[in-house]
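Worksheet for the structure shown next.
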Amino acid sequence: MLTRRPVMMFAALTVVATSAAFAQDKSIAVASTTSTQDSGLFGQILPAFKKKSGIDVRVISQGTGQALDTGRRGDADVVFVHAKPQEQKFVADGFGVRRYPVMYNDFILVGPKSNTGGFNGTNDIVAALKTIKDKGVTFISRGDKSGTHAAELALWKGAGIDIAKDRGPWYKEIGQGMGAALNTASASGGYVLTDRGTWLSFKNRGDLVIAVEGDNRLFNQYGVMLVNPEKHKHVKKELGQAFIDWLISPEGQRAIADYRIGGQQLFFPNANSPGAQRRAAPAAHAAIP
Amino acid sequence: MPENMSALQLVLTGDPALFAIVRLSLVVSLSAVLLAALIGLPFGAWLALSRFRGREGVIVVLNALMGLPPVVVGLCVFLMLSRSGPLGSWGILFTPQAMIIAQTILIAPIIAALTRQTIEDLWLEYRDELEAMNVGTFGRVATLLWDGRFSLLTALLAGFGRAAAEVGAVIIVGGNIDGFTRTMTTAIALETSKGDLPLAIGLGMILIVIVIAINAAAWSTRRFGERMAG
Amino acid sequence: MSMRAPVANLPIHFDDVSFAVHGVTILDRINFAFVPGAPSVVIGPNGAGKTTLLRLAMGLIQPTSGRATWGGRTDAPLSRRAIVFQRPVMLRRSVAANLRYALEAAGVSRADHDARLGELLALVGLAELGDRPARKLSGGEQQRLALARALAKDPQVLFLDEPTASLDPAATKAVEDLVRDVAARGIKVVMSTHDLGEARRLAGDVVLMHRGRIVEASDAAAFFNNPITDGARRFVAGELLI
């Protein structure tokens, strides 16, 4: 029928038009973590990079495990995450070319203002976790194989607690992102481990306050890696490497240091001295109320 | 989107990021409706008129597929389009095209199933006349689709509603990339995870208003058309 | 009117034709033929099987047993037969579009559509209403549009199933005039009615049906003046056949 022809043409046009509109040559895909995205860091530094290089950076924010997996499948050009052992394995397995340390931030334990754990205001994370377990205080775990989740599990282990065995009904694994975990903690009066960046930009705090901070064991190092072009031929290695080079350049490092929320610096560049976080972290946060 | 702005402020100040998100949502969902219509309308009409063994089974399955979970569709499309998947060479994972494909798969069964029902009812009414006029199979399908167009509009709207409302598929295959694959629903999911519940709700309201506006436009088209065509 | 090679549709011959649905016999061993000439009128009470007989003669349904032939063939295509149903269905389009659709389906070339359209609309008296939605027409107007649609086929045989059943006297007269006109052009009309008066006014021959059987079939004059069977006599006398 005559009447159907324009519909087909319109459909064909739409597909062509959308393909054309979205086809951008100078762009890379970066698989990263929710903490970098949700904290607003990328919103700050990417425009500066784009201005300098003309490269469009498309950030897919996932948990660290998922982000590494995205890189492994070849669905991203660059992976920018925070779980050092997993990153090293990623490179050792040949999926990443080389790991570059970029910056760190720190984790904090947040919980109800009413201090149900009794340790609010201290800075010993191990003691706090032991108390949580002994008292059976509600604890929210990401449970999503993210960098934060990995860090949490390492902390339990460090406290001598086998969480797989010792967990009780107080330990709630939600299998979701940082924001969802904070929302859950806020709604249920529980404790939760979070990165400081997400916490600072999180708007639904309710009764939550920082309970434990400043422990050396709470540092959180970020690394960036180019996905191996030998594994995935389509990887845009020049553009991807340009992004990495910029991140660790003085200019990129300054852009990271310049990002603040309410006057507070969230991320501390340390591309040149990756061991520095141990000393710097507590000092840097001393001023944070 | 700028921090510390309510949804209302974003609308009133004509925030470009917000409008880009709205535009992308509409482009993706409307394209998906169009593609799904090109598949679902002819298939549904064919199914309404054909008689073969196992037809009842096909209808049951088709009706069941109306309830396809978006995440499952998203995951399947993701695995197909991933660089490590069979269609990886297309290189369209984490692009709007991938989102359109996922939503098309999600809503084509809805449009096909509703079309089948509409066309079958209309066929009961038209059968004698069309057979007496010696109209062939292709002509029958075309006639029934055209004469059922106002009812079929409802099928398309159902598909659109589903596409515009879903988040599970587009967030998986689109990646919720700021300024590139972020839609209304993925933005709402993101703002919720950032704990900015008022902004999330505000965006939700905007989405609802847009969906209502599109339905109202379709409805008046229908009323106008019906007055003309009877 | 048409250049197509004539397909012989007449006589339409029923040879011991029965028709049953789910084991219920609706037409019972019909032996009869519609032959060229003046209109044949099928009369009988509700449920007698008039519509079923017309649909069989049109070729829309097949006999469960027995044989129906058109010009001696069992497989004559229905391209030169047309039917106006008891309750015609208007397509959801304008009057003119309904007619164009029928012309297109009948294979009339597009170039001739406008001329034929005007001619047919004028013939059925709907020239003024071409742009109206067909479904908004009155019952009588719909009946006439259906007639025009059927005539678009340029048929050799035209079946009309109770074409005046729901019409007022003026509309009935218009349709009856049309039937006479069509018949005068050499088209064989086969119509059903349960209106005895209409049968008297139009029929060349009459078929009286009752409960799926043909009670009496004969020349109109003979049927009305000299009915042979008891059933026909009572029907003509105005008694109720139940």
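To keep things simple, chains are lettered A, B and C as they appear, and every chain counts its residues starting from 1.
Going forward, a contact is a pair of C-beta atoms (placed from the backbone, for glycine too) under 8 Å apart; a residue touches a chain by one contact, two chains touch by 3 or more.
Owing to the predicted nature of the structure, the values given are computational and were not obtained by experimental measurement.
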| item | value |
| --- | --- |
| Arrangement of touching chains [line / ring / star / complete / other] | line |
| Chain occupying the most central position, where position means C-alpha average | B |
| Most distant chain from subunit B, judged by the mean position of its C-alpha atoms | C |
| Intercentroid distance (Cα basis), subunit B paired with subunit A, Å | 33 |
| Intercentroid distance (Cα basis), subunit C paired with subunit A, Å | 80 |
| Length of the line joining the C-alpha centres of subunit B and subunit C, rounded to whole Å | 47 |
| Contacts with 2+ other chains: residues of subunit B | 143 |
| Footprint of subunit B on subunit A - complex, ascending | 1, 3-4, 7-8, 10-11, 14-15, 18-19, 22, 29, 34, 37-38, 40, 42-43, 56, 58-61, 72-75, 176-180, 182-183, 186, 198, 201-205, 232, 234 |
| Subunit A-touching residues of subunit B, taken from the complex the two chains share | 3, 27, 30-31, 34-35, 37-38, 82-85, 88, 91, 93-97, 100, 142-143, 145-146, 175-178, 180-181, 190, 192-197 |
| Subunit C-facing residues of subunit B, complex | 125-126, 128-129, 131-135, 139, 143, 147, 150, 227-230 |
| Subunit B partner contacts - residues on subunit C that touch it in the complex | 58, 60, 77-79, 82-83, 85, 88-94, 101-102, 105-106, 132-136, 149-150, 153 |
